[in-house]
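Please find the structures below.
After this come two complexes, each holding chain A, first together with chain B and then together with chain C.
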Partner chain A sequence: RQHKISGVSSGCQQGGCLTCSDYNGCLSCRPRLFMHLERIGMKQIGVCMTSCPPGFYGTRSPERNTCTKCRSECDSCFNRHFCTRCRAGFYLHLGKCQENCPEGHVRSDAQRECV
Partner chain B sequence: SERPALRALIKVSLLKHEPTGKPIILEGVFVGGSAGKAEGKLMQYHPLSLCNTSEDERQESDFITIVKLEHRVPRCLPLLDKARMALDKGAQAVIFDVSDDTNAAAELRETDSLPRPVVLVEADDAEELMGLVNKNEEANVVIEIKMEPKWPHYD
Partner chain C sequence: RQGPAAPLCPSPCQCEEDGIFVMVDCSEMGLSSVPTGLSPLTTYLDLSMNNISEIQPRAFHRLHLLSELRISGNQLRYISGQALQGLHNLKVLMLQNNQLERLPDDAPWDLPNLLSLRLDANLLSKVPAEAFRGVRSLRHLWLDDNSLTEIPVMALDSLPSLQAMTLALNQITHIPDYAFTNLSALVVLHLHNNHIKSMDSKCFEGLLSLETLDLNYNDLQEFPVAIRTLSKLQELGFHNNNIKAIPERAFVGNPQLQTIHFYENPIQFVGKSAFQFLPKLHTLSLNGATQIQEFPDLKGTTSLEILTLTRAGLSALPLDLCEQLPRLRVLELSYNQIEDLPSFYHCSALQEIGLQHNQIRRIESSTFQQLSSLRSLDLSWNMIEWIHPDAFSLLHSLIKLDLTENRLSSVPVAGLGGLTHLKLRGNTELYEAFSPDHFPHMRVIEMPYAYQCCVYGSCDSYKPASQWDTEQSSTNEDLHKRTVAMYPIHADTHYDPDLEEFQLEIEESKLQASVQCTPTPGPFRPCESLLGSWLV
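For the complex of A and B:
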């Protein structure tokens, strides 16, 4: 039972894969693309993307470029330590999402920021 | 002499079918000294998802992880660490489909320190399980130790 490599079958349909398999989707990506592990119900398949989806940030390394989930209180971020938009109930201050703002700042619910 | 590996019974009930439907009975082999009972929703994890402990999705209910191992995916961690990581992520048990990764079985059989059941499946049993995953057929899985028939006594 030879898996189709980059053939057209359920796991390998989307482009960008360097290698792929029916069940796991992309196993590795073409150069410069990011590997994102996408959850679809009970399935989790590899998808190769030019940039990571909202809620994830890209990390480059010699072995592979991957999309990693932002911290839980963060809707979107540059990296693990620098958030750009907070989840509801949190307020952005100096790249961090906090439930309260420091002295001299007030919470803006519209922007979810300390202003 | 080497202790024979305990076999596992894997009972699969499809959630979207009427409850009277008979479960699908498959078999596997326990590894890592972890034989025992476990139950949960079947959840596939990509082999690359067990590489680091980044902020990860949290499942609401009890779940059993299934991972199809591929020899073409470079091992980011030893398999024992992957199994432990899957259990740390909250899985009640882990099923590894080793059909396409023949070294996996040997790698996991050398240990017996895993806290919850880890089972290897291959060939038809693996194909059936992964077929359900591929069709996104939500399923509840019960893993038990398969009781081998005792040798009859000859007086």
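For the complex of A and C:
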């Protein structure tokens, strides 16, 4: 189920932009929002959002808040090494997405988890 | 996405059917309250980036099937327990980027299946002891970018299933003993960008599953010895702190460590046994620890691939260095006082060696023997007077060799056929002009004197090389010919400017494509070495 990317609108009318251009969208964000470069065809549009899109995780720091790609087998993650939801065909156990589950656990396709 | 006309969809939201269920998106619609008339079959509701400052009691009480609720980017100051009543199946609750100043204490939220709770980027200065009593299944908790001044120890006691938590970007100054004692499933703990000055020695007791601990950008004065209990720790960061020493056996309790980031600390002392028995550690970098006089004992740290130990006080290297570190790929030991080198014979995976700015005098035949993967060797700014003729003979992969600023009078070329970069500047006793035949792949070469670049055609790039080589006389006519060759504008009457221009461009491109040799000969640095030694 692909959710719409929440907390975002495009181009210069976005609520989250601090500075922006019609061609590149947001150039900087209002405080505490995440900046994400969204690819639309050949172009990259700056988008400011309260949470990073699916497949990305947010990192906050005093200077800026950025979105970084999760590992390929994760649909969503907490950080680079810790997944919170796996891609189809992978099963989550303690933040890792694996094709098989450790001993004592079985694969749940509905939740994509080792249970 | 369907338009707003669908019967189940409250205006002005957008709805999408997912089988019998409904996904409702009301984000960025200027709403000031939660829309009414939401279908009980709603599984996803997005209210983010609106102007909602309050949630009416029981606003979601019919949404028993709601799995994900996003209310981030609004103006909420407080959310009572009654406001979230009825959300029995909620798994993800996003409240980040609001103005939350406090969490409910007496009647906490009752969300028995909640897995992810985002409270980051709010105004929370503390978390009441009972705040999380109704979310016992929680796995992921974001509390970063708030105003917490202490670890919410009591509140965390209610979260035995927690696996990942960030408390980064707060004003926490101290971590007390048993701060996380009930979090036996916690795998990731971020505490970066706080003001942590001190930690009690048992503060991490109970974190039996912790793999990642991030203490970067704090004010730690001492090495965090409390990590000793973290037997599963794989990734540790405490860079940008104020730590001056790493004690002996510092990581004795952390055999699973793979990465340790501790740059930007005023580290002066490192215990010789500090980095022992870390079989999974692949990178170790220490810069500026001036009190390190002896090379660390890396017994049992057998997977190290990158070792950087610069600006310390090393004067010698252990003879069995490569036996301890058989997988070393990068060895960076610049800015020490190393005089003698052991044989790096067993470091067969070595690709880069940096030994610049040391006090090395000799290179023996065995020093770099068998390093068939070595690509870059930097020996600049030493005192090297002699290199054994076979020292480089087996370095088949070597492409960069820097011998700048040494005391060489000769350089053995055996084995250097693959070089693309060779630097010899500053070796004032080295007069030999190396034939290009030795270096068929050369691109950049720095010589002590300009005339040594003439063999690369820098002096007479406008004349066919073969015609240049066959002339042996040294009469004025030859001098005139060479001057014409170097400065075509002085040519005689048959001069054709267009042809000349065309020739110039060909030769220029040929020159740039072949070798860039410096210092470049010129009017004041002619190709001939005047009076037997180059004075002008």
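The criterion applied here is as follows: the second predicted complex is superposed on the first by the 104 of 115 C-alpha atoms of A that agree within 3 Å, B and C clash if a C-alpha of one lies under 4 Å from a C-alpha of the other, contacts with A are read in each partner's own complex, and residues count from 1 in each chain.
Everything below uses one rule, namely that a residue touches a chain if its C-beta (ideal position, glycine included) is under 8 Å from a C-beta of that chain, and two chains touch if they have at least 3 such contacts.
Just so we're clear, the structure is a prediction, and the values are computed from it rather than from any experiment.
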Partner chain in contact with A:Val106 - chain B first, chain C second, else both or neither: neither
First, second, both or neither for A:Phe78, with chain B first and chain C second: second
Of chain C and chain B, partner touching more chain A residues: B
Chain B versus chain C as contact partner of A:Ala88, first or second or both or neither: neither
Contacts on chain A seen with chain B and repeated with chain C across the two complexes: 1, 3
Residues of chain B defined as touching chain A within the complex: 41-49, 54-57, 68, 70, 72-74, 76, 97, 99-100, 130, 133-134, 136-139
Chain A partner contacts - residues on chain C that touch it in the complex: 1, 14, 18, 23, 25, 27-28, 44, 46, 48-49, 68, 70, 72-73, 94, 96-97, 115-116, 118, 120-121, 139-140, 144-145, 163-164, 166, 168-169, 185, 187-188, 190, 192-193, 209, 211-212, 235
Sites on chain A touched by chain C in the complex: 1, 3-4, 6-9, 15-16, 32-33, 50-51, 60-62, 78-79, 81-82, 84, 94-95
Touch list for chain A against partner chain B, complex: 1, 3, 10-11, 19, 21-25, 27-28, 35, 37, 39-46, 63-64, 66, 68-72, 80
